[in-house]
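Shared between the two complexes below is chain A, which pairs with chain B and chain C, respectively.
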Partner chain A sequence: MWVPELVSNEELSSKPSRSKTQGDQMQYVITAKDLTKTYGDVTAVDGISFSVPAGEAFGLLGPNGAGKSTTMKMIGGVSQRTSGSLSIMGLDPESHGPEVRAHLGVVPQQDNLDEELKVRDNLLVYGRYFGLPMSYLRPKADELLEFAQLTDKAKSKVDALSGGMKRRLTIARSLINEPRILLLDEPTTGLDPQARHILWDRLFRLKEQGVTLILTTHYMDEAEQLCDRLIVVDKGRIMAEGSPASLIREYSTREVLELRFGSERNATIGAELEGIGERLETLPDRVLIYAHDGEAALEQVSARGLRPVTSLVRRSSLEDVFLRLTGRSLVD
Partner chain B sequence: MTDQSAPAVSDAGGRGPAAPALLRAHSPAVSAARARRWGSFYYAEQVLRVMKGYGWTIVMYGVGQPVAYLFAMGVGLATLVDSQAAFGGVSYLAFIAPALLISAAVMTAANEFTFPVMDGFKWRRVYYGPHASPLTPEQIASGHIMAVTLRFLLQSAIYFVVVALFGASPSGWGWVSVLVATLAGLSFGLPLMAYAASIKEDKGQFAMVMRFIVTPLFLFSGTFFPLDSLPLAVQWIGWISPIWHGTELGRVFSYGYEEPPLLTIAHIVFLVGLAVAGWMLTKRQFVRRLGQ
Partner chain C sequence: MSTLAESHNPGGHSVTEAARNRRFGPMYSRNVKAVIARGLMATKSSNWMVMLSGFFEPVLYLISMGVGLGAIVGAVQGPGGQEISYAAYIAPALLAVSAMNGAVYDSTWNVFFKMNFAKLYQGMLYTSLGPLDVAMGEIFLALLRGLLYATGFTAVMGIMGLITTPWAILMIPASVLIAFGFASFGMGITSFMKTFQQMDWINFVMLPMFLFSATFYPLSVYPQYIQWLIQAMPLWHGVELLRQISVGIFSPATAIHVGYYLVMIVLGVMLTAGRLRKLFLK
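Up next, the complex of A and B:
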């Protein structure tokens, strides 16, 4: 090994200075204020502000193109913001890029594993970027492979792995430096339900260990399952903020009655349903009636002599919150 | 420097009580401080690890090919080309040996600073992994360059040994041509790397570079015959060619080829200047493109 392993005193004492505003600032691991990013004419992130306390699972929920990845890249200290301020562990990623990134584990939207290296070597190599010695990395890599349920794949080449396995390896890789903050950009997009559940379980365990999770998703069930608190983003702006339950309480009713009358009738039936429930939403394929008691609403529909092709009563979800806020569906 | 000796099996749950104490990462501040100081080396280490996977190709391409040339041209062709006067009083083999050494480094540069760069930014996006770590874009660029430089040195050194065994490097300073070849590789390779880093869509640009830049440079850089035996109309190709400047320098060291000292200095300045300019441009491209 031709790279020195020893840390000099000088290295240890050159801790980056914390930002001035201590006090209440320090209880947050991440603080963004009016964060903005433009690419030419496109404003990908349009002045968003939020703070994340240590140990929280914080979500960015929004459709494709909302600016989630762009926000994550700025937090991750790999993309320069256009304006606004950003502080991670009290540090500005623009001036303290390496220091900020040293605190983080990052799972990007697109896997960028080293396909030419074996599974385990991917972990070792990545750990080297943090200056971690092999004596630490070897047992740590084995521990993480176990965590990611990839122990029997340790010697395989990465391109032999399934999508779910690659995703788990990317997560394992992001944990090699034992970060207290983990950034996950659409961790389960494109995975089958079983692979998603394995991943969720792993993320729960990390949360239990007190790791701060920042995750983006366009799956509302994922956001509901994993996030303590989230922001709903659309077109680079924050539409709402809160816990999944409080968002549903604030922007939706307890239950939703979904009715299908066939595509022609759906558009015109609205007037005849007037007054049932608290709010009515007409979609191309169905009509949604927001009501505290869905069954009661359905009885009212029948009482008016209307006969839907199908009807379904379900609890409100973040999908409904999104629909209410933007007038559009989250997943098309 | 690898892990091959370590057992890959881990005993789930059966870890000894001492183990967790070992399994502590150093603090982020230490990670950052180390990365700031050694980051380029860390990335170079990674590139070398990947190179090791195609180590034999490297040896065959870098050494086998020029040795075949050396044999065919130097031993075969030399029986026809017997006028030593035309080649500064040395054997034809001694005349072309430095040229083949330099050309091999430049050809390696044309490979190592093109496709892998495209792989880094676009195909498999290999630069984006380390970019999320404490490493900086400059360090990723320089780590890549350091690893390739090591390849230049190794490949040129093996080649030089072969040349010396052929008895084609009469001067005691011949080994310096290993360094010259490395410099020529960087001088041609770094501007090319900057170009490769600027390419967004692969439309076969690298094949064009090979066909319309590398090949003419290889043929018209005083490689197989002195540059001044060419008509002036094509001599300029040599003057702007890192292969020519490198080859002339290599000849000075490997058999005491005589040229005005000012010209020798000019070769060095040209090669270093091009390498430095290429490095600056590369750095700028990496910072700009990764930091988007």
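Up next, the complex of A and C:
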């Protein structure tokens, strides 16, 4: 598989701001401090702070309405913050919108491709918005079409593309200016599993080339696959921060035993399961027992004479972290 | 691949790097031409049926009213008191109306739709473009379209034998002036609109202005206070200006008509510029 070289190796090694520094001197491409956004009475983002070093894949994980998209819009300088400070590549996006966005590639939650233009023209025109010359854009557009596996659709209308293709075109478009930071707002929401995997693969390649990825998602598997580090956001606040593995270690057990007793029994069975595992979580459709050894916990359940309809032992995931932190599940 | 990257990187300095190093304010990146280029490309590939219908509308009015109704009306008094055909009387007025309609449509409905439904501006504003680039580009496109319509309509007037003086060619730039006045205001007004119902108010203002601004008959038919009301409205000034140009007879009022539009443009641009954040950055 052939990949466009978005950043030449030479450039990577010669620019200190580009390379991921190991050790003491971290170069942050994004720094947010007490970032707040209110819409009337509603506080969408409530004083969040975080920093992202160059080359990292950084995730904002949270349910719908947590304030992830609002945060992304403030980073892009298309939404004004209410208070707090924000620095992108050393610039304030509010006072230097066009300059900050020259560093960014943006993949919004809903595709906003130019439906009046053909597929390839979407890339060319978008590149013109950055003030890039056609002599650069023509080969770059072909390269990105190849990257997005859309070469044979170059002359198609945007309308004719499938959901996954539109998403890939939106990502290709976001790369036209060789961004240092790629903002991805729920990049795979609404895509079928195969299309998601193709997308993840593309994003991995970009990360390998040193592009900083900022992504929001409410899919824990996506966050686990792609993110080096993430913040768990709920109601505009940061609930926890760390790598997926460290968050799971800190807020959950190694394994989880999922039991289903039928919807009426689930609610009342809690007392009878007391003492098994480290922690118990009762959901409407199932009961979760957090334990280091899930199989051993299941044996204890059987030993008490309880017969669940189904039982499943699995590894802990970010879903469990979120449940622990907020008392709610991530995808309703 | 690396060869490709190098070919754009003479001396290791890529064009994208250069693009990043430009410095602008928050609203404007001196790249109006990219917005214009996009508009032309989109017109080429899709909306040109819409464009054609915009051209035919005043032509159809001219034929039905000017030729049809004109047969009953006969000759009327022109700006200088001379006798002219009814078609020659209403043709410049119809041109002014079409300049108004085109500019208002482009700067209100078109902007409203692209902003709220096609999400076009949302995409543009995630690039280096600032709101001012987008606004100026859209206004320019509206004026370009107005220029094409005005040229076409003037040609039709010529073919129908309604042009009697070389001055008439000035109707084309004057139409663009009228369109500019309406377009700059229209965009500012659109920034206050949130729903379709509110957008309908625009039509509610435009239709009476079209019918009563001395378009089809002279202002003198009205009582004095109605005359004042109409003279305060922008379309009447456009109608009178083009009517004077069409016969090449000017008066001190000509300067007032032109001045009215110049003031309107200045105020409209100020309004739109002041509302840019509300218009594009939510």
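The rule is short, and it goes like this: the second predicted complex is superposed on the first by the 306 of 332 C-alpha atoms of A that agree within 3 Å, B and C clash if a C-alpha of one lies under 4 Å from a C-alpha of the other, contacts with A are read in each partner's own complex, and residues count from 1 in each chain.
We take it that a residue touches a chain if its C-beta (ideal position, glycine included) is under 8 Å from a C-beta of that chain, and two chains touch if they have at least 3 such contacts.
Being a predicted model, the structure only gives us computed values, none of them experimental.
K.L.:
Give one word, clash or fit, describing how chain B and chain C relate on chain A after superposing.
P.N.:
Partners clash after overlay.
K.L.:
Is A:Gly84 touching the first partner chain B, the second partner chain C, both, or neither of them?
P.N.:
Neither partner.
K.L.:
Once chain A of both complexes is superposed, is A:Glu143 in touch with chain B (first), chain C (second), both, or neither?
P.N.:
It touches chain B and chain C both.
K.L.:
Examine A:Gly242 and indicate which partner it touches, taking first as chain B and second as chain C; both and neither are also allowed.
P.N.:
neither
K.L.:
Of the two partners chain B and chain C, which one touches more residues belonging to chain A?
P.N.:
Counted on chain A, the partner with more touching residues turns out to be B.
K.L.:
Looking at the overlay, what does A:Asn177 touch: chain B (first), chain C (second), both, or neither?
P.N.:
A:Asn177 contacts both chain B and chain C.
K.L.:
Between chain B and chain C, whom does A:Glu115 touch in the aligned arrangement: first, second, both, or neither?
P.N.:
Both partners, chain B and chain C.
K.L.:
Quick check on the superposed pair: does A:Gly47 touch chain B, chain C, both, or neither? Answer first, second, both or neither.
P.N.:
neither
K.L.:
Quick one: classify A:Glu99 as touching chain B (first), chain C (second), both or neither.
P.N.:
In the superposition, A:Glu99 touches chain B and chain C alike.
K.L.:
Check whether A:Thr151 is in contact with chain B, with chain C, with both or with neither, and answer first, second, both or neither.
P.N.:
In the superposed model, A:Thr151 contacts chain B only, not chain C.
K.L.:
Counting contacts the way the document defines them, which residues of chain A are shared by the two interfaces, the one with chain B and the one with chain C?
P.N.:
Dual-contact residues (chain A): 2-4, 11, 14, 76, 78-80, 96-99, 101-104, 106, 108, 110, 112-117, 121, 125-126, 128-132, 135-136, 139, 143, 177-178.
K.L.:
Flag every residue of chain B that touches chain A in the complex, lowest number first.
P.N.:
The touching residues are 1-3, 6-10, 12, 19, 22-26, 28-39, 41-43, 45-46, 49-50, 53, 124-126, 128-136, 290-292.
K.L.:
For the complex, which residues does chain C have touching chain A?
P.N.:
It comes out as residues 1-2, 4-6, 8-9, 12, 14-16, 19-20, 22-29, 31, 34-35, 37-38, 41-42, 45-47, 118-120, 122-130, 277, 281-282.
K.L.:
Inside the complex, what are the residues of chain A that reach chain C?
P.N.:
Chain A residues touching chain C: 2-5, 8-11, 14, 76-80, 94-99, 101-104, 106, 108, 110, 112-118, 121, 125-126, 128-133, 135-136, 139, 143, 177-178.
K.L.:
Touching chain B in the complex: which residues of chain A?
P.N.:
1-4, 7, 11-12, 14-16, 39, 76, 78-80, 89, 96-99, 101-104, 106, 108, 110, 112-117, 120-121, 124-126, 128-132, 134-143, 145-146, 151, 154-155, 173, 176-179
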